[in-house]
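Just so it is clear, A, B, C and D label the chains in written order, and each chain counts residues from 1 on its own.
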Amino acid sequence: MTHGVIHLENDYSEGAHPAILARLADENLRARSGYGADDACESAAARIRGAIGRDDADVHFLIGGTSANLIALAAFLRPHEAIVCTEQAHINVHETGAIEASGHKSLPFPTTDGKLTPSMIEQLYAKHVDEHMVKPRVAYISNATELGTVYTRGELYALKDCCAKLNLLLYMDGARLGAALAASDVDWSDLPRCLDAFYIGGTKNGALFGEAMVILNESLKPDFRYLIKQRGGMLAKGFLLGYQFDVLFEGGLYLDIARRANGIADGLRGVLAAKGARFLADTRTNMLFPILPDAWIAKLRERFAFHDAERVSSTESAVRLVTSWATPESVVTEFERCVNQLR
Amino acid sequence: MTHGVIHLENDYSEGAHPAILARLADENLRARSGYGADDACESAAARIRGAIGRDDADVHFLIGGTSANLIALAAFLRPHEAIVCTEQAHINVHETGAIEASGHKSLPFPTTDGKLTPSMIEQLYAKHVDEHMVKPRVAYISNATELGTVYTRGELYALKDCCAKLNLLLYMDGARLGAALAASDVDWSDLPRCLDAFYIGGTKNGALFGEAMVILNESLKPDFRYLIKQRGGMLAKGFLLGYQFDVLFEGGLYLDIARRANGIADGLRGVLAAKGARFLADTRTNMLFPILPDAWIAKLRERFAFHDAERVSSTESAVRLVTSWATPESVVTEFERCVNQLR
Amino acid sequence: MTHGVIHLENDYSEGAHPAILARLADENLRARSGYGADDACESAAARIRGAIGRDDADVHFLIGGTSANLIALAAFLRPHEAIVCTEQAHINVHETGAIEASGHKSLPFPTTDGKLTPSMIEQLYAKHVDEHMVKPRVAYISNATELGTVYTRGELYALKDCCAKLNLLLYMDGARLGAALAASDVDWSDLPRCLDAFYIGGTKNGALFGEAMVILNESLKPDFRYLIKQRGGMLAKGFLLGYQFDVLFEGGLYLDIARRANGIADGLRGVLAAKGARFLADTRTNMLFPILPDAWIAKLRERFAFHDAERVSSTESAVRLVTSWATPESVVTEFERCVNQLR
Amino acid sequence: MTHGVIHLENDYSEGAHPAILARLADENLRARSGYGADDACESAAARIRGAIGRDDADVHFLIGGTSANLIALAAFLRPHEAIVCTEQAHINVHETGAIEASGHKSLPFPTTDGKLTPSMIEQLYAKHVDEHMVKPRVAYISNATELGTVYTRGELYALKDCCAKLNLLLYMDGARLGAALAASDVDWSDLPRCLDAFYIGGTKNGALFGEAMVILNESLKPDFRYLIKQRGGMLAKGFLLGYQFDVLFEGGLYLDIARRANGIADGLRGVLAAKGARFLADTRTNMLFPILPDAWIAKLRERFAFHDAERVSSTESAVRLVTSWATPESVVTEFERCVNQLR
């Protein structure tokens, strides 16, 4: 680890966790039916149903996060129905208007930590009173959020109660669900109790690619596969997704990967905190947003690759450090060495 | 090869050509930028530009065929513009209305062989005369077609001339382009001369997944990546597509795979022809549609797995046999043995 | 009536029936709430409910036919659901892809008389078997059809039974519903028994503009006004529509207008039949499609204005003659005089 | 004027200005071609071209404001292109997501007076940097705004310069354009110099219904009528719109109506100002938003009908007073009498 920069740019910079790659190689010449109608997908779905404790859940394997969100919301909403979310929500900022291209308006609420609250939902709901305005129907949350923060169990149940009261659906974008579960008191079994639907992110947690959509609410289940196909999200070799999630949910690998990445991020956080750094948001997941002097940032970039987050003052910026299954264990020691040299 | 059925169901029943899998394994721990902005994609794009002899082509790597078609047509068309195609066109029948979900009407023309002709284009064009009707703007062809037939060089140039005359774009769905090129007098270099855009199918020609969109017409190039992202087609780990097409276009593997699959299909065709079978369409690619007595079909199914195509008479059906990079060489001998036993 | 041409071009060439214009003038300075939430709309809706004998029907007043169709189908369908119709259907040909722009595919069936049959519905339904294809959900009929033909009571009930069996909705475009009712054994009270929703055309039956959407099926009622507003179909001065339909459904004016127009068309038909003319379709409504020698057509055009329908042979064309509330009674006598001079 | 309430609810509570109604009656039995291809529309378009001093402008007559906005933006934008606007923008709040239903995202900026500034445009533009986000392409302004405020000539030209610099189109929603022109230093001839397209509102300025879309930018002109038809905005009896705008632009009636309504509003404003009332926004158009004690509001409602705007404190609310061509001249005197009685 003496040569080259160490990558802390994101959690999708490398291929797949070795156990996943091994499974793909092992299955490579085995013929299976197309489009996800195969035994590998069925096995993976069964494992996910087991993990969340709900035999009746519908599980669909999808290609990526934006695709998962646009398919779900196109499937769940009538044309005049809208989505309540935070200003930072991935669907609101970073999906090139995919939701609007499906015909739906998002109603963003400003936040500092990326977390939606019942109060925000209620305020947006109260402003949409008649047919001259869109009708809020889904509350969208990301967990972990786009800022790396997470929902507590109490917060999730409070959102559920709020949505139930207002007849809204609660949908969770779980692109980084592993990181969230590994960093909070929320358990797999809490998810079906609170959510109408959610997806379990594979791409950012060790898979080559792929997300698992889980639908709990009976009214949202019919014809979901039509929407997958129509929006270009049905993989011909759907078994590839089955293999990957089967590995991730066999023996707890999914959370193991997340815990390891969170753990390394904790190490980095400790180093920065010891150095007196502030953070843009208080995170316990695999994403950190330390606020650092520009000179320090430049110096750290000689050894580590990472993205800017935002300009904070004339001499400081927040940067984003992300860890993953592929981040070397040794990174904390090396990071500490480099940080300790900063003046 | 004495145990189990032999799969002739389709060309996407297995994983990836071994050379592709090896490359994925080799690159697995190498970190690269996301979303296709990496050197592997650039290398693969350069090889494709080289193959077609057009340095100025834009090349984008996409996830699947339906996704590729809907992204391209959403990018190329204004809302009132329509697509001229055959009745059998994949976009017209087998994409769950993906094109319509993007807002566009397809104008299908009945055919027996799945091939669009200048006369069909002209007839549809002539019927759409004013703003009460959609405006034809793209002619969509599949090559190979959904029936396994192919366009000759002369036919392609005739379509190009017709489209130029009527100010239509000519777009080719190349899900099985390898099979088509390997079975016709059309050359890579003919494609940019005739087409405004097309995609090169990877999924059905040895890749795990992936298609390469090639855009020649300058007016169609701007902001294409926005559409990829908006429609859920931008893979986070885009380099996975780069690896695969880099392998496919390094040293001619793409056509080698197609030639081999076509060759095996030729062998099967010869066996059937010798037995006196008729065919639904005259194909030289990796798809055969023999018309067989029901009893024969049942007998063959004891040894081979394949799909029904259509009912032809009270005692006969057409079935679909498909070969691929994964079809064992020995299949022809075994098929001949079985066919010769049919009475 | 000795000067100028006599207009037989269509049934929307003039303003409004005098009774409607008088009502608009009478109400002009009376202030009412906007967007259709006024007592004139309520009165008109009550009269329509009375006419069809269904107190529970939802009635919405809309601006025009294409707008009515696109709003209804956007409201009734999920994104993957499709519309079964005839090849000549207004939505399939003459609405510039409005349905597709709302995201839905139409599945047209070829006909000679513009009428949809249970057999056509069943054939289209049988071809759409899984999630790779759109899912037929609405059967769309026009009555009178685009060719001026009408459905009998028996045919309507047969369509209803077919749709019920296949879980399809039956929707009727009634742009020329007056003409149809006046020319068939179908009664106002048959409509709610057969149809899930339909609209009553005002534009082509004496109104300045406007159509009345009637929704019977409970599941189609919620939030319909959101769709009206979202698709630009909610008139600020909605009471204008209320006034018009209130007049049309007060004392039977709606059918009186249609009977009169049909009657004049009958007169023209008789003249032509006596002269030995054939017709493109057998119609009893206010549209005729006589097939005439080109020389006769040219001669008739010196006195009458009308549209071409289609070329029938090298020396003959079908033309379209349309009558309306504004067609002078004297037209039949004058037409007979002119036709009798043709050689 | 001693009986009944006086209506100050909005500017579309009655029918049409008497001159318009007279013209409709006069033309009622004259047959004209459908869909706006008639000499009345041509005459009205010519008058509008004359008013703005641009012979090359395309003019299209549309049915209503939401319809006009959604047609224009659907015609002008590619799928990934977005609209910069104020938080209060009609398209953002009061069109039930019509723009999103056409596939486009609006990017609202918070304001207190409803006016978009170059700085707002620049800030929104600067945040949308790559293909993961929508691409700002149109700046949408309403003039008068939703709060009754207006743009000065200087502000309009500054917006134009900003848009030109950033390659954005500048589009104006002129639902209340008459009120704006009558209340500002902006002249008809300024509009084509600043705007790529705009519509002239008829519905809220004396017409029964109708808006005139004016397109200046050559690149936005092609095929606009296809979009009108596709979105349900093409009136069969298009000549009705021609008659109305022909009257409005013959001898300056359009601005006369607006000046009269603004003048009455000025009278009401004076009465309130003399009483010491504050206003939500500083307006000189036909809409006032005085902030009044709840007791006063209740008292005024005995004599005048008007809408609430928003709650301002525990004892005060802002209400909305709107005048129109139909507001009686005597209203100011009566209003003064009532206001003077308030304690």
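One rule holds in what follows: a contact is a pair of C-beta atoms (placed from the backbone, for glycine too) under 8 Å apart; a residue touches a chain by one contact, two chains touch by 3 or more.
For clarity, every value in this text was computed on a predicted model and none was experimentally measured.
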Given chain A and chain D, the chains that contact each of them: B, C
Comparison of C-D and A-C (more C-beta pairs in contact): C-D
Centre-of-Cα separation between chain C and chain A, whole angstrom: 51
Chain centre separation (chain C, chain D; CA means) in Å: 34
Interface hub residues of chain B, defined as touching at least two other chains: 79-80, 95-97, 101-103, 131-132, 134, 226, 229-230, 234
Residues of chain B touching chain C in the complex: 79-80, 82, 93-97, 99-105, 131-134
Touch list for chain B against partner chain A, complex: 7, 9-10, 12-16, 18, 21, 24-25, 27-34, 63-68, 70-71, 95-98, 101, 203-204, 208-209, 226, 229-237, 240, 305, 326
Contact footprint of chain A on chain C as seen in their complex: 35, 74-75, 78-80, 102-103, 131-132, 134-135, 223, 225-230, 234
